[in-house]
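Each of the next two complexes has subunit A plus one more chain, namely subunit B in the first and subunit C in the second.
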Partner chain A sequence: MSNSFVVASAKLTNAVGLHARPSVKLTQLAKSFASDLEVALAPDGPWLDAKSPVKIMRVKASRGTVLHFRARGADAAAAVASAIQLVERRFDEEDEAAAGNARG
Partner chain B sequence: MRRTRRQRGTRVGDLRIKGRRASPGFAAGEVAVLPRNAAARVPTGDPAQEASALERAMKAAASELAELARRTQGEESDIIGFQLALLSDAALFEPAIAAIKNSESADHAWSSVLDREIADYEAAEDEYFRARAGDFKDIRDRVLTHLTGAQVTAPRSGAILVADDLPPSRFLAIDWSRGGAILLTGGSASSHVAMLARSRGVPMIVGLGGGVATLTGEVLVDAGAGEVIASPSEEERRRFEAKQRVDLHFASEAATLRDKPAVTRDGTAIAVHLNISDPDELVSLDPIVCDGIGLVRTEFLFHTRRGLPDEETQFRVYRRIASWAGGKPVTIRTLDAGGDKPVEGLTFEGESNPFLGVRGIRLSLARPNVFRVQLRALARAAMHGNVRIMLPMITIPDEIAAARAMLDQEVRSLVAAGIPARRPPIGIMVEVPAVAIAIDLYDTEFYSIGSNDLTQYVTAAGRDVAAVADLADASHPAIMRLIERVARHGRERKQEVCLCGDIGGDAETIPSLLRAGLRSLSVPPAMLARAKAAIAAVDLRVVQPTIVSLRP
Partner chain C sequence: MANVGIVIVSHSAKVAEGAADMVRQMVGTAVPVAHTGGNQDGGLGTDVAAIMSAIDSAWSEAGVAILVDLGGAETNSEMAIEMLDDDRRKRVVMCNAPIVEGAVIAATEASGGAPLDSVRRAAEELSPGA
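Here is the complex of A and B:
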C-alpha cells in the first residue's frame, strides 16, 4: 500500500451542482472503495470525507465549481478515477435535470 | 365579470388569504390543521441508556424510511433515499453521541446536532440548498417521534392540510387519491415537498402567513393564483367553480400551445411575457415559452432576515434572471414597497392611508440611498442581458426625470470605477389614474399597465376590503377605456404598451384587452398556457362592442 495520495480534479458541469441526488451518488460510489476518498473545493483542502453525504452537502457546490479528489490506499487510483468519471458523466442525470423539475 | 383578486400581500379582508403558488390546481374541502411536534420526553439521566435510546430511535426511523423507499419510485424514492443516506451518516450520529456522553439527553443532543445543520442550510444563499433545511427537519422530527413515542395521526384523505411546513416523508404517507391541497404558513416552492406536490398534481400554496392556521370549515383553494377563500359565499363558490371549468377547458389545448408564439385566430401576433416574484419560478421553464419577462417584482429581495440586500446580492439575482432570458427583454420593477407591502426599516409607519401614501417610486425617491443601490445592481446586470427598468407608482413626469438622473449618475460612477455597466431603458407602470388619463405627458421608453392598482384607484374600492371588493372590477368600462387610451398612445408613438395585472392572464378578459388595442401581455407562469389558448380563440376581425357598457 502506497502512502502517497492519488489526486485529480474535475469541474461540475451538471445543471444543478452537488445537490441531493448527485451527493448521494458520489457517496455511494465512495463507499464502494476500501480507500478513503476525500473531496475539497481547493487543491490544498480542507478535505472532506466523500463517504459522508452530510459533509458533501455542506459544501453547497454549484455548477462550475471545481472539485478536487484525493485518495490513499490499495484502490486509490480507481476510486479517484471513478469519482472524476461520475462528475464528468454529470452524475448520469443530465437529461432529467434539463427537463427542469428534477432538482433533487 | 366581477372579481376580487389581488396581486400581492397576505391577508385580504376576512375572507381571502394570499400566498405563493408552489403547485397549481384547484381544491375545495375541510381544513385540517397539522399539530406542531410538541411531545415531551423524560430523560433517563444515564448516558449509556440515552445513547442506546437514540440508536434505537434512529434505527426505527431508518427502517421506516427504507419501507417508504420501497413503496415509492423515481423522484419520490430518490428524496427518501437522500434522507436515508443522511440518517445513516456518522456525521450526524457521532456528534450526538458525544453530546450524550457530555450528559445531554438523547432528544436534546439529537435536536442540537440537526438544528445546527438546519440553521446552516437556512442561511444558504441558493434557494435550493435553503430548501434542504426541510429534509433535515424531517429527519430530526422522525427520530424525535420515536424517541418520545408520540403517535403521528394521518390526516384523512381529501383534506386541505394546513401546517407551518410539511415534511416530504409525511407527504408520501398521505393518501392523495381523493384530492386535497397543502397550505403552508411558511415553506418554499423549491422544497422537496413542493416538487412532490407538482409531480402528483396536488395543489399547494406556501408563505400564507399565520392567519391560515386559524381557519376552520370549508375553504376554496386556487393554488395557481396562490389564493385561499375561507367561508365562501354561494356567489364565490359559483365563481370558483366557473374558473375551475375554464381551467379544465383550456388545460388540454393549452398544453400544446404553451411552447408556441401567441397568435389570434386572425393571425395577429401577441407578445406574452411572464410575471415573476422570485427567480426560482423560472427553474422549470424554458425561455422559449415566452417573449420575455414583463414584470420582475423585487420585493422578495427586501424581505430577508438579513436586512436590506446589498448591491452584490441584487446584482447576482438580476443577472441570473437576465441570463435565463438570453436576449429577450427582462423588465425589472424597482422596489414597490409601501401600501400593503411594508418593509421593516424602510417604509413609513403610521400612515392613515398607506395606498395613498409613500409607496413605489415615492418611497424610492424618499430613500435615495436604498434606491441607488438597486439602480447600480440593475445597471450592472444590464451587461448580461436585455434588462429594462420599470418604475412603479409614477404620478408626475418629474419623478421619471429624478430617477433617470440618479440612474445616469450611478452608471457614470460605475464606469468610472471600471465596473462593467450600462444604462438600461426606463419605463413606467401605468397604475395611477392621472398617468392613464394624461399619458401623452409621460415621456418614457415603454409603458406597462398595472391593472390591479389602476382598478382600485379608478373605482376607489380596495381589493382588500371584502365589503367593496366587488366594486373593484377590472372589467369596468372606465378601466377598459383607459387601457384603450394608453394602447392608442403607444401605437402612435411606436412605444410598447404591456399589461401586467391579474386580468392579463384571465381567459375571460383577454378578448376585451386585445380589442382595446393591447398587443402585449404579461402573466404568471401558471397562466401562460391558458392565456395563449385564450388569445388563439380571439378573432379581431369580428367587431364587438365590449367596452361601452357595464355588464350586469
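Here is the complex of A and C:
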C-alpha cells in the first residue's frame, strides 16, 4: 500500500452546496471505500474525515466553494475520483435544487 | 451483517413520523427505521408497548439505536429495553443526541454498515461537549 495521498478538487455547483442531503451522500460514498477519504476547504487543510456524518454536516460549504479531497489506501484513487464525480453530478439533486425548494 | 436499525421515540406522533420521513428521504432505505409517538389516547406521550413494537419492527441482528426527545420518552424507552429478551437487550442502545439530527446522523453512520457502538458515537458527536 502506498503511503502517498491521492489528491483532487472540485467546485460545488449545486444550488444548496454541501448542506444536509449532499453531506449524507458524500459520507455514504466515503464509507463505501476502504481508504481514508478526507475533505478540506483549502488545499493545505485542515482535513476532515469524509466518513464522519457530523463533521461533514458541519462544513456547510456554499455553492462556488472548492472542495479538496485526499485519500490514502488501497482504493484511494477510486475514492477520490468518486467523490469528485459526486460533486460534479451536483449530488444527483440538481432537479430538486433547480426547482428552488431545496435552498438552505 | 445487516445494518443497525433506528427507532425514533417522541412525545408527538407527528414529530416521530416526520423525523422518520427525514431519515428515509435523506439516507435511503438501507437502514431499518421505526417510529412511535403519542399515548394510547392520541395525546402527547410515549408508550412502553409501542416502543417495544417499534424496536421489533426496526430489529436488526446488528442491533438497534434509539433516539428520544424529552424525559418520559427516555424513561419509557429504558423500560422497553429492560423488558426485551436477554439476547436482544444488549444489542439496543439509547443515543444521547437531539432526536431529528441524531436520527439522520445515526442512520447515515448505520447505512455504511457501522457497528452499533459507532452509530451511537456518531449521533452523540452532535451534542456539545461530546
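Quick note on the criterion: the second predicted complex is superposed on the first by the 102 of 104 C-alpha atoms of A that agree within 3 Å, B and C clash if a C-alpha of one lies under 4 Å from a C-alpha of the other, contacts with A are read in each partner's own complex, and residues count from 1 in each chain.
The definition used in the following text is that contacts are C-beta pairs under 8 Å (C-beta built on N, C-alpha and C of every residue); 3 or more make two chains touch, one makes a residue touch a chain.
Source: prediction; values computed, not measured.
The superposed arrangement places subunit B and subunit C in clashing positions on subunit A. In the superposition on chain A, A:Ala20 makes contact with both subunit B and subunit C. By the touch criterion defined above, A:Arg72 reaches neither subunit B nor subunit C.
When both complexes are overlaid on chain A, the residue A:Pro53 reaches subunit B and subunit C alike.
Once the two complexes are laid over each other on the shared chain, residue contacts for A:Arg90 go to neither subunit B nor subunit C.
Contacts of A:Ser32 after superposition: subunit C is touched, whereas subunit B is not reached.
Set against each other, subunit B and subunit C touch different numbers of residues in subunit A, with B touching more.
Once both structures are laid onto chain A, the subunit B stretch out of 6-14, 42-50, 60-68 or 438-446 that overlaps subunit C is 60-68. Residues 20-21, 24, 27-28, 52-55, 57 of subunit A lie in contact with subunit B in one complex and with subunit C in the other. Those residues of subunit A that touch subunit C in the shared complex are 20-21, 24, 27-28, 31-32, 51-55, 57. The part of subunit C that touches subunit A in the complex is made up of residues 26-28, 104-105, 108-109, 111-114, 122, 125-126.
Per the touch definition, subunit B reaches subunit A in the complex via residues 75, 78-79, 81-82, 85-86, 89-92, 117, 120, 124, 126, 128-129, 132, 135, 190, 192, 195, 198-199, 283-286. Contacts from subunit A toward subunit B in the complex involve residues 16, 19-21, 23-24, 27-28, 49, 52-55, 57-58, 60, 62, 100-104.
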